[in-house]
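Next, two complexes with chain A in common: one pairs it with chain B, the other with chain C.
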Partner chain A sequence: MHNNLLLLPIIIPFFTAMVLLFARKNVMYQRTVTMIGLIAAIVSAFYMLNIVYVDGPQTVTFGSWPAPFGITMISDMMSILLVVTTLVLTFFIVWYSFSAIGIEREKFYYYPGIMFILTGINGAFTTGDIFNLFVFFEVFLMSSYLLIVLGGEKQQLQGSIYYLVINIISSALFVITVAFLYSVVGTLSMADIALKVAALEQPAILTVIAVLFLVVFGLKAAIFPLFFWLPKAYKSAPAPILALFGALLTKVGVYAIIRTYTLIFVHDQSFTHEMLMILSILTIIFGCIGALAYFDVTLIIIYNIVIAVGVILFGVSQMNSAGLEGAMYYLVHDMLIKAALFMLGGILIAITGTANLRKMGGLMKRYPLFGWTFLIAAFSLAGIPPLSGFIGKLLIVESGFEANNPWMSIVILLSSLVVLLSVIRIFIYAFWGEEQQTTTSISQATYTQQFTPVLLLVAVTVAYGVGAELVAPYMSAAGEALLNPSIYIDAVMGGE
Partner chain B sequence: MKTNDVILQFTAKLVFFIIFLFSVHIFMAGHYTPGGGFVGGLLAASAIVLLILAFDLKTVQAGFPINYRIMTAIGLVLALGTAAFPMFDGKPFFTHYFDYFDLPFFGKTSLHTAMLFDAGVFLVVVGVTMTIIQSIGEDE
Partner chain C sequence: MEIVMAFVIGFLFMAATYLMLSRSLLRIIIGTGLLSHGAHLLILTMGGLGGEAPPVLADGVEASQFADPLPQALILTAIVISFGVTAFILVLAYRAYQSLETDNTTLMKGSDDDAQ
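Up next is the complex of A and B:
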């Protein structure tokens, strides 16, 4: 089914960014236009979600070219769910930015940067062409370079060097890998690649390419052993930018791994998916070590990204319906909750003036609501029922038992305890104990302004967990589409 | 340090027009033969850079009082507008329209909407290149 409307969640942020470029000094203009653009994009994304749910995957092939030759954009259940999640959490992050990012950055293309990053991310989720995927990766990377160096503090520049170098290397590797793949199958449309790979029965060279793709996307997604850059690069970014990056950027890498490993490289699972499973378990273990090792709020939450990536990819590597559905649940949950946690961490740092847990304490007396919100977010992250992390994790653990990998599932269960411990440690150190002499950098009014969007976002995650019944049909549709690549292929190649 | 560069400045003024007209030619040639908005834009930007080298940043800014950031934004809107237009016509994004027209003076000419998209690219390339060069140049 050809449907131009699926492009709206990409075009609206893109157009908003252009409109923002015209008056960068006018902060009120920047804020208003950004919010209008985001709301319009969210409405269009929900509209598309409904269409995809009712009518199945929607496609549009650019320039009226026939399918494998033109660039196809395809909105299937997984894409549109991720697009919706991205837009919703960006809405809250932008709202939080109003009071947290600082007027200087707002005047220097902060909002256009966010809008361009959304263009790239939504494009990457939606495109059905592997080279176009690279292009959208570059679009959001370019904008992320802007956001990560914006402000030009010394610490920030040190961190951004890691970020820049690692991403330039991985982008180069990405193009090379796409070229390898093209030289073997002679096409770039992912649906067509899937058909050609099936016809070739995946000879050894394609397994090599599959591993190369895992390296490329693994660098972005921060899997073991390629996550080393993540803490260094993210640590020094301001809270709203950190929330945006932590919630979205690694997840695009995860999305790309899920897409390629369920659609294209599915013929040698005893090697590729086995390897993905082992790497994801190692990712979880090393993430746990990192999350327990630090007394720095930001670093603890950053290492929790790594753990979550491992959990999601483990679900994918099992290649059964429970695993894929669980991975979808957990992916959406993790995007929302990571954004909330990073913003909560940002407020915590703003209130106490330090990121060091040992120097905090006794906040419960003055900020009770903040404390309880943090506790709910922490429980949700660890997957305590009925909060949002639970169902995804349950399905993923189940899939491990189903696929005869019980020990791996047990590792995931144990990792939940570590996750809980790591975030509860923040709670205990920051909210319990003696009240410490702190250098609060924000006023009560600013605190309220910063806290409101975060509270609402946590409420959204709670609703996502409690209302799991309502989202279940969407998730199982997404899982089913991942398990049966033919749905995707037919939608693209079936044409008009 | 004051150098005597009368010859350079005189030549640059002449060569600027040659390069600029050539960039327009390359831009127009772009549809069927090698060329297009990107190369054209780079050439046009390089013509301005030549002037900056021969004179200095301030003189050239006074000569072309253009805000290159706004120029980039206009280029983007033009490109996106051309690409998105077919959506209102029920055709896929990026579909282009073309036809042959009998224009006075030019004779039979083929006109494409792809040219408008390319004009957007041209503006973006000039805008971005000049923004980069100006920011680095101002930094001394």
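Up next is the complex of A and C:
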């Protein structure tokens, strides 16, 4: 009976979006309905989290077809944790949007866009069918096209075209890869694919397909040779949309890599996972170079996305319990903290009227609370204990030592220093020094409206770090399920 | 038959790659269209082209004679999606042409680095 409830976090945003399409000019209506929809979705997701924690993974196979033939939706610990995180941080981003996105965008389907993007992302986290994953990818991509182009400023148009073309190519590659996979294993249900791949003992053709999947999802996740589009496409988007994209979209790609590389392609680890490890380390290194190279607040934080993706995937590539649990910790942490940082960056740009660090300075005098919040978020990003990034990174580094890759772990530790340096540089330039003549300062009331949700989100990340004891059972359950694909397969195939 | 399809698909991908490497936005869009056509044909081919009988149980039809219905369902979904996306990018390209007054992607990047 409860298992149908796992669809609620997908259906509620979808229906909210449809209701929102009426009366688009009534901003109060748009805001209220969005908030009600989000709160309902968050409640249902937390309820589902509890059920999954107590009773194990829940599945629904549509149309009551037997498991490998129907499309299965499955909520295991990892997917429900990501769904909860997605909804919670979207709640804060929407709250921040009220004062940051501007009334014009609010009137032109901004909120329906966000709700449709949630439908797609939660669907992608929940689905257990590889082609259905493609469909949900397209659902959220389509809404992301709307959001990234909304407003139609010149800079935005260039970034949007770039973003669209990249994603169309990667979608075509996705279809091609699924077609190859289908021709080899003759099924689309991920659990069934895992069984078939295990029965075939992963011949070379399946390893090729595994690498193709890495290219497809890597384009979404922005791993090493494929991250070139990220700064260009994201740079021109307004702060709330940037926060949403930066926190969520790359993480769906990371999720898809984790899912395929822990469930399906686990039989030739010396090649596939070794390659994933090398790519993740290169991702970290190139991300670090980018994060230090720019004096633009937005670009610095965007390159930090790349670094985090590398760190998470390194944990996954080790395929031991510390690595997978750490990757889960770090994934949730990174989604929350990236949303917070992009919003803080947005406020910074709104106050000073520029994204260029060299033109900022001395904000500490007028905005002390903002300064300290930024510092906490920065420390959290770098993983200073007891803040939220610490435990995940600790486990990931430990996994590297366990799996006999000490040098890789040391690279990750060094990258933490670079991350710290890159965000502290923002802090030093923006908050210390002489106060600069600011051109377009926002009013105190707008500042308070924008700052409150961000402050609360940073408080949530601090709670996530300090209360790690409380979330630990959930994370270790997720890590264990990733380590033993049989849990996932039994939940899908053994269900009634 | 599959080998002929493989050549057709390969040719479509080749043309798509060539078009997408050009600078004109319209050519790039046609390229992405060809790319998705190639991908759709590939799905159809990868399911195997054998099987004549409709996939409905009937007397005297062996399991091997059924056509595989799944690739057809997949191709339909993929076609609808790529149709929607192509429509969107065409509108976007037209809008970009109106406000940037060029369809050359190199010229579009011109003001990209002003911020630094």
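The rule we apply is simple: the second predicted complex is superposed on the first by the 493 of 496 C-alpha atoms of A that agree within 3 Å, B and C clash if a C-alpha of one lies under 4 Å from a C-alpha of the other, contacts with A are read in each partner's own complex, and residues count from 1 in each chain.
In this text, a contact is a pair of C-beta atoms (placed from the backbone, for glycine too) under 8 Å apart; a residue touches a chain by one contact, two chains touch by 3 or more.
Note that the coordinates shown come from a computational prediction; the quantities given were computed from them, not determined experimentally.
J.: May I ask you to decide whether A:22 touches chain B, chain C, both, or neither, giving the answer as first, second, both or neither?
T.: Touch status of A:22: first partner only.
J.: Looking at A:169, would you say it contacts chain B, chain C, both, or neither? Reply first, second, both or neither.
T.: Only chain C; A:169 stays clear of chain B.
J.: When both complexes are superposed, which of chain B and chain C contacts more residues belonging to chain A?
T.: Ranking chain B and chain C by residues of chain A touched puts C first.
J.: When the two structures are overlaid on chain A, which partner does A:359 contact: first (chain B), second (chain C), both, or neither?
T.: Neither partner.
J.: For A:64, decide between first (touching chain B), second (touching chain C), both and neither.
T.: It touches chain B, and chain C stays clear.
J.: Let me test your reading of the model: by the given contact rule, A:7 touches which partner, first (chain B), second (chain C), both or neither?
T.: So A:7 only meets chain B here.
J.: Just to be sure I read the superposition right, which of the two partners does A:180 touch: chain B = first, chain C = second, or both, or neither?
T.: A:180 contacts chain C only, not chain B.
J.: Taking the touch rule as given, give the residues of chain B at its contact with chain A in the complex, in rising order.
T.: 69-70, 72-73, 76-77, 80, 84, 87, 90-96
J.: What residues of chain A sit close enough to touch chain C in their complex?
T.: Against chain C, chain A makes touches at 131, 134-135, 138, 141-142, 145, 149, 152, 154-155, 157-158, 160-161, 164-165, 168-169, 171-173, 175-176, 178-180, 182-183, 188, 232, 235, 294-296, 355-356.
J.: What does chain C use to touch chain A in their complex?
T.: Residue list for chain C touching chain A: 20, 25, 28, 32, 35-36, 38-40, 42-43, 45-48, 70-71, 74, 77-78, 81-82, 84-85, 88-89, 92-93, 95-96, 99-100, 105, 108-109, 111-112, 115-116.
J.: Residues of chain A touching chain B in their complex?
T.: 2, 4, 7, 11, 14-15, 18, 21-22, 24, 60-64, 70, 73
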